[in-house]
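By written order: A, B, C and D. Residues from 1 in each chain.
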Amino acid sequence: MPDIEIGSGKSSRRGYGLGDVAIVPSRRTRDPEDVDLSFVLDGFTFQLPLVAAASDAVVSPRSAVEIARLGGLAVLNLEGLWTRYEDPEVVLDEIGSLPAAVATARLQELYAEPVREELIKQRIRQIGDSGVVTCAALSPQRTVQFAKAVVEAELDLLVIQGTVVSAEHVSRRPEPLNLKRFIREYDIPVIVGGCASYPAALHLMRTGAVAVLVGVGTGSASTTWDVLGLGAPHATAIADAAGARSRHLEETGVYVHVIADGGMSTGGDIAKAIACGADAVMIGAPLAAAEEAPGRRRYWEMAAAHPSLPRGSLVEAPLRGTLAEVLCGPAHDSDGAVNLFGALRAAMAMCGYASVKEMHKADVTVAG
Amino acid sequence: MPDIEIGSGKSSRRGYGLGDVAIVPSRRTRDPEDVDLSFVLDGFTFQLPLVAAASDAVVSPRSAVEIARLGGLAVLNLEGLWTRYEDPEVVLDEIGSLPAAVATARLQELYAEPVREELIKQRIRQIGDSGVVTCAALSPQRTVQFAKAVVEAELDLLVIQGTVVSAEHVSRRPEPLNLKRFIREYDIPVIVGGCASYPAALHLMRTGAVAVLVGVGTGSASTTWDVLGLGAPHATAIADAAGARSRHLEETGVYVHVIADGGMSTGGDIAKAIACGADAVMIGAPLAAAEEAPGRRRYWEMAAAHPSLPRGSLVEAPLRGTLAEVLCGPAHDSDGAVNLFGALRAAMAMCGYASVKEMHKADVTVAG
Amino acid sequence: MPDIEIGSGKSSRRGYGLGDVAIVPSRRTRDPEDVDLSFVLDGFTFQLPLVAAASDAVVSPRSAVEIARLGGLAVLNLEGLWTRYEDPEVVLDEIGSLPAAVATARLQELYAEPVREELIKQRIRQIGDSGVVTCAALSPQRTVQFAKAVVEAELDLLVIQGTVVSAEHVSRRPEPLNLKRFIREYDIPVIVGGCASYPAALHLMRTGAVAVLVGVGTGSASTTWDVLGLGAPHATAIADAAGARSRHLEETGVYVHVIADGGMSTGGDIAKAIACGADAVMIGAPLAAAEEAPGRRRYWEMAAAHPSLPRGSLVEAPLRGTLAEVLCGPAHDSDGAVNLFGALRAAMAMCGYASVKEMHKADVTVAG
Amino acid sequence: MPDIEIGSGKSSRRGYGLGDVAIVPSRRTRDPEDVDLSFVLDGFTFQLPLVAAASDAVVSPRSAVEIARLGGLAVLNLEGLWTRYEDPEVVLDEIGSLPAAVATARLQELYAEPVREELIKQRIRQIGDSGVVTCAALSPQRTVQFAKAVVEAELDLLVIQGTVVSAEHVSRRPEPLNLKRFIREYDIPVIVGGCASYPAALHLMRTGAVAVLVGVGTGSASTTWDVLGLGAPHATAIADAAGARSRHLEETGVYVHVIADGGMSTGGDIAKAIACGADAVMIGAPLAAAEEAPGRRRYWEMAAAHPSLPRGSLVEAPLRGTLAEVLCGPAHDSDGAVNLFGALRAAMAMCGYASVKEMHKADVTVAG
């Protein structure tokens, strides 16, 4: 790995964002209809390598069902509005018209309402009743507290997600979450993240998670890089996690999926994330632009409402079409924000690859 | 070739765009009038190393003749408006006044009209009747369908062009285009592209094509990079194709021309493309700014009208002068958009090179 | 150290700014409340690794006390308005409403008023009377002249600061400041800077200073890079100074603190400076946005008033909260300008580090 | 020299502009008044290392005298307005109010007026009568034609200048300029350029020139890079020419001066050019902002009026002060455009260097 010297004794490494790279077509092409986009996770098969982000602007119990029907996996935020309010639609209406100047302060107040265990169960069951795969997210801080309710609601897949989640959390508190023990003993398969490096991904894989979320500070509405100075260029983070996946597979025979999280706004971004090694992508902002999105044409991440250190903005997400159109087209604009997975299919066809795993072999070039 | 590591196990390579490089004058200069710009392709001689892009905004049967008279080669799009409409002028008028918000959707509708075989023949003959070299383009998908009509119309040069065209297309369909067999058996010399790498160019050269078009996602009105994530920095793609040309020449004794396609808007861009190894340049948008261009002061590429995944914009192309002025001057502005080939001549003279092939030796520097 | 060749015979080196890097979380996390931010300098303990810049816009005798109470160290400029005017509030009022066009010229006039020795003593005592640690700055040019007054006023820490300060000043004048002799013989511990390279920092450390200020041309309101062409990308300068600190520690057993000076506007910038090796940060502009700042919602550096070669602007510093909020939150915006040290604490926790010195080990990546 | 591969078989090299670099202060400082800025060229001594560009916007017979009195060397353009018009003031008035849209076309007409030999003599004598060193420029194309007149007018220094000037001009014309023979046989010392590489500079030095102008496409009002694709990042070009100077000195014992030409707009730019190896700087646009400049608050280069391929713009040059102020201060703004040589002096002092030749040793860093 070529080293960079920042200064005397401080080594570093050049990281690459998805915007720094492009996929170079190979010497082979293929018919788009012969391309298979499916994604299999712990026995569940999804027609699209899509995970909808645990943002209240994107996933409600209702939109979760629609996303599932279109072939993706939607993650409901169990510490969001749907588990804090009996009727979040009123709150969503208010957020939809918040002036920018007070947006963060008001989000902080709205998310100060306590999370209610019975709402957690109710929301999960509401999705499950539709017969689709259910998936929802907790923060590491509250996983232990709500784990039992989640099991009782018969969730299919649990996401444990934070800005940074590690396999080795040091704490003087009485009972911090021991991720490895929790996952081993828990009845529901777990997806865990964010992480952004080879060792962090590898250690998360070793906890027994079925997939890791890769990305720190990558979200389009995130301000983590500015606020905390933390981040990792996404193409590099994904490729590093893919490397950890290979090593973990060699060591254990288990293939832990790499889900690229955040910062992808076009089909091209998705294609590049997969070319860098992702098995699937977690996207938020592009879906907030769909008709069925609960976010009232706005997008925000959970960290935007942090009580003392908010790390995200409330951004506009102008209507671009139905969920079906945003995901699978047809597009009637040329900016790449609609028909995201039709674009992925076309890109794979133009490079001659027939499946997501084959696409991992694609050549990428670094552009200036 | 120095490798870049994107991340664990994912290697890459730095690519350079034409904007990343500049030509460094050598220690020799030359009189501009002693510079020879001619370009010889399969027995046809052109005074300028110019191929006009197969865009309805640039090449009509009439403008094709004018471009030929000025020393270039114009490519008529056989799947464009001229082969779909008896009278495309009305359609061009409408496109000329389309509001940006609905441009893509309306282009999609206008290009949904079927291509008519008799119009293909008629348009080719219309150009041929003027006594100039005729050249026209088909997509790989429809080449087989219209190949016979094209021969009957006695076309001089056929261009088979797509966003990405490979020598090895994989398909489960009954009869996909086998490029190698087609070109060997066809009565008309073929120019083929786009491609953007050494192996892709080499394999296209091995099909028997007389020239390859080099460039993926390079066009100024193209959004391929955003929509599909595909692309290749142009200076690198051209140099790679030039390397493939050398190898093919060594292996077969045949010199297949490299035509840099797209993204050049000034004489300086053209000079740099040639310094990187191009034998000629295919340009579109700069010619749409000529008085005789059919595009009504607008420019768009074929992919802008794709029915489900449009990959191009309808951009303004304000009037800059007659075709003669745009190509050979004089210029009365200093931005480099007029007198494109006068500029190429001057640049070659200031570097001491007497011909396009000599200019391939020019030193280029990478600027920050 | 990898060399760059600028041109024939002129070697150079790539430097990195704080904006070029990001901190990559490690495979460990930690509870924020277990993070220790304290900074110990020559026996004085500060709860925050914060030095407030010697700008009249930030440090007055009154705000110095408030900054000290919040855990930082404030540096009063002894050649600023407080030692030139009996009542600087009137002057500050005028500066607060200076139109941009005449700002520099008027600042030059206002700072042309002579520095008065009795005011030096009076201002230092005024701060000391509050029982907090006192710290104030002189330029190398006037250190000898005012050194005695400073001692008499019983200052705790003296800062000798200029755009560039070296341990080896060459002069034909009768008695230039010999920094090494001065510091050895002086009764007050000295912080000295700016410097921006390994050898410059090392030689300043050898003068006996307790800390060095690292940064040339880094301040957000500074125009030193444009005016003088001098500068050093800050991440590299800090890492180099940290390297010099290690060498000096090995040679002498003395740990001289590295204080990153200027150009940090968010908590993320501060975290990165510390990850690169800083023991503390000197910040100005972000504090000018605090309610208690004397600068009337504006910020300027001393060099902005240089009589013949001004090197700084008078910039706006819109109100962001109280000093307590700017330093320790809570923040109600997501741009990182408020809760600077809460952000540092969170960043350290997310990387698993428990102290500033541990944070020096953080991985940083270079982003595009 | 580390190579870059643009693509297969096309090598290149990274070049650095002055904006890519910064000077890193060393571990020594010096009093500004001990810095010597003088520049000696073929027996003539100038107090400042300043050559005023041969632009009609900067050098008239009158301003030439003023520049000389302030310590610099001014170059009158012998193919500009002063040798085409009896009374150029009227023409300058018109240029001063030309609307941007027609500027280039009108400049082309104004400069189509023929150059008159008697005016060449008259203008040179007019400057010489003031007792200052006289210097004027011809293009290589017309040097032979006017060489005799220039000698008769007793010019002190001749500049032979073009966008690119080489020591080896190839031509089929009867009598092209043989630079080497011309300079050897001519009675007046010659400064020649532009050039932008080691070999080009070396060969120009071997013609017997006393100085070479280094820079192609560097001028702030130049569009050579866009129009022709020619250019060379300036820091690299200067360092390469300085390397050629060393080799030529070793081979012949003769020190040929390197004059960095164009693209410097602040004192910092000048300091960086000198740190990269320049003996002096040729500047234009910054001087057009002086009260005494003939350009009516505008700046343009000779190539802006090229009859068929103009390569420069007519740019605004708002008043910044008298020539004395622009060159030697005091400045009352902080953007570095005034007190250019006071800034150079300060920069050299802060780096501890006492002369221009010592400043060649300054450390430079490449910033992101």
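The rule is short, and it goes like this: contacts are C-beta pairs under 8 Å (C-beta built on N, C-alpha and C of every residue); 3 or more make two chains touch, one makes a residue touch a chain.
A quick note: this is a predicted structure, and the numbers were derived from the prediction, not measured.
Specify the chain most distant from subunit B by Cα centroid.
C
Which whole number of Å gives the spacing of the CA centres of subunit A and subunit C?
Each chain's C-alpha centroid was found; their separation is 40 Å.
Compute the distance, rounded to whole Å, between the mean C-alpha positions of subunit B and subunit C.
56
For subunit C, what residues touch not just one other chain but two or more?
Only 14, 16, 236 qualify.
For each chain, which other chains does it touch, given as pairs?
In this structure, the chains touch in these pairs: A-B, A-C, B-D, C-D.
Provide the residue numbers of subunit C that touch subunit A in the complex, in ascending order.
1-2, 14, 16, 21-31, 33-34, 198, 235-244, 246, 266-272, 275-277, 329-336, 339, 342-343, 346-347, 350-352, 354, 363-368
Would you mind writing out the residues of subunit A in touch with subunit C in their complex?
4-10, 12-17, 19-20, 104-105, 108, 163-173, 176, 195-197, 199-200, 202-203, 216-217, 223, 225-233, 236, 304, 307-313
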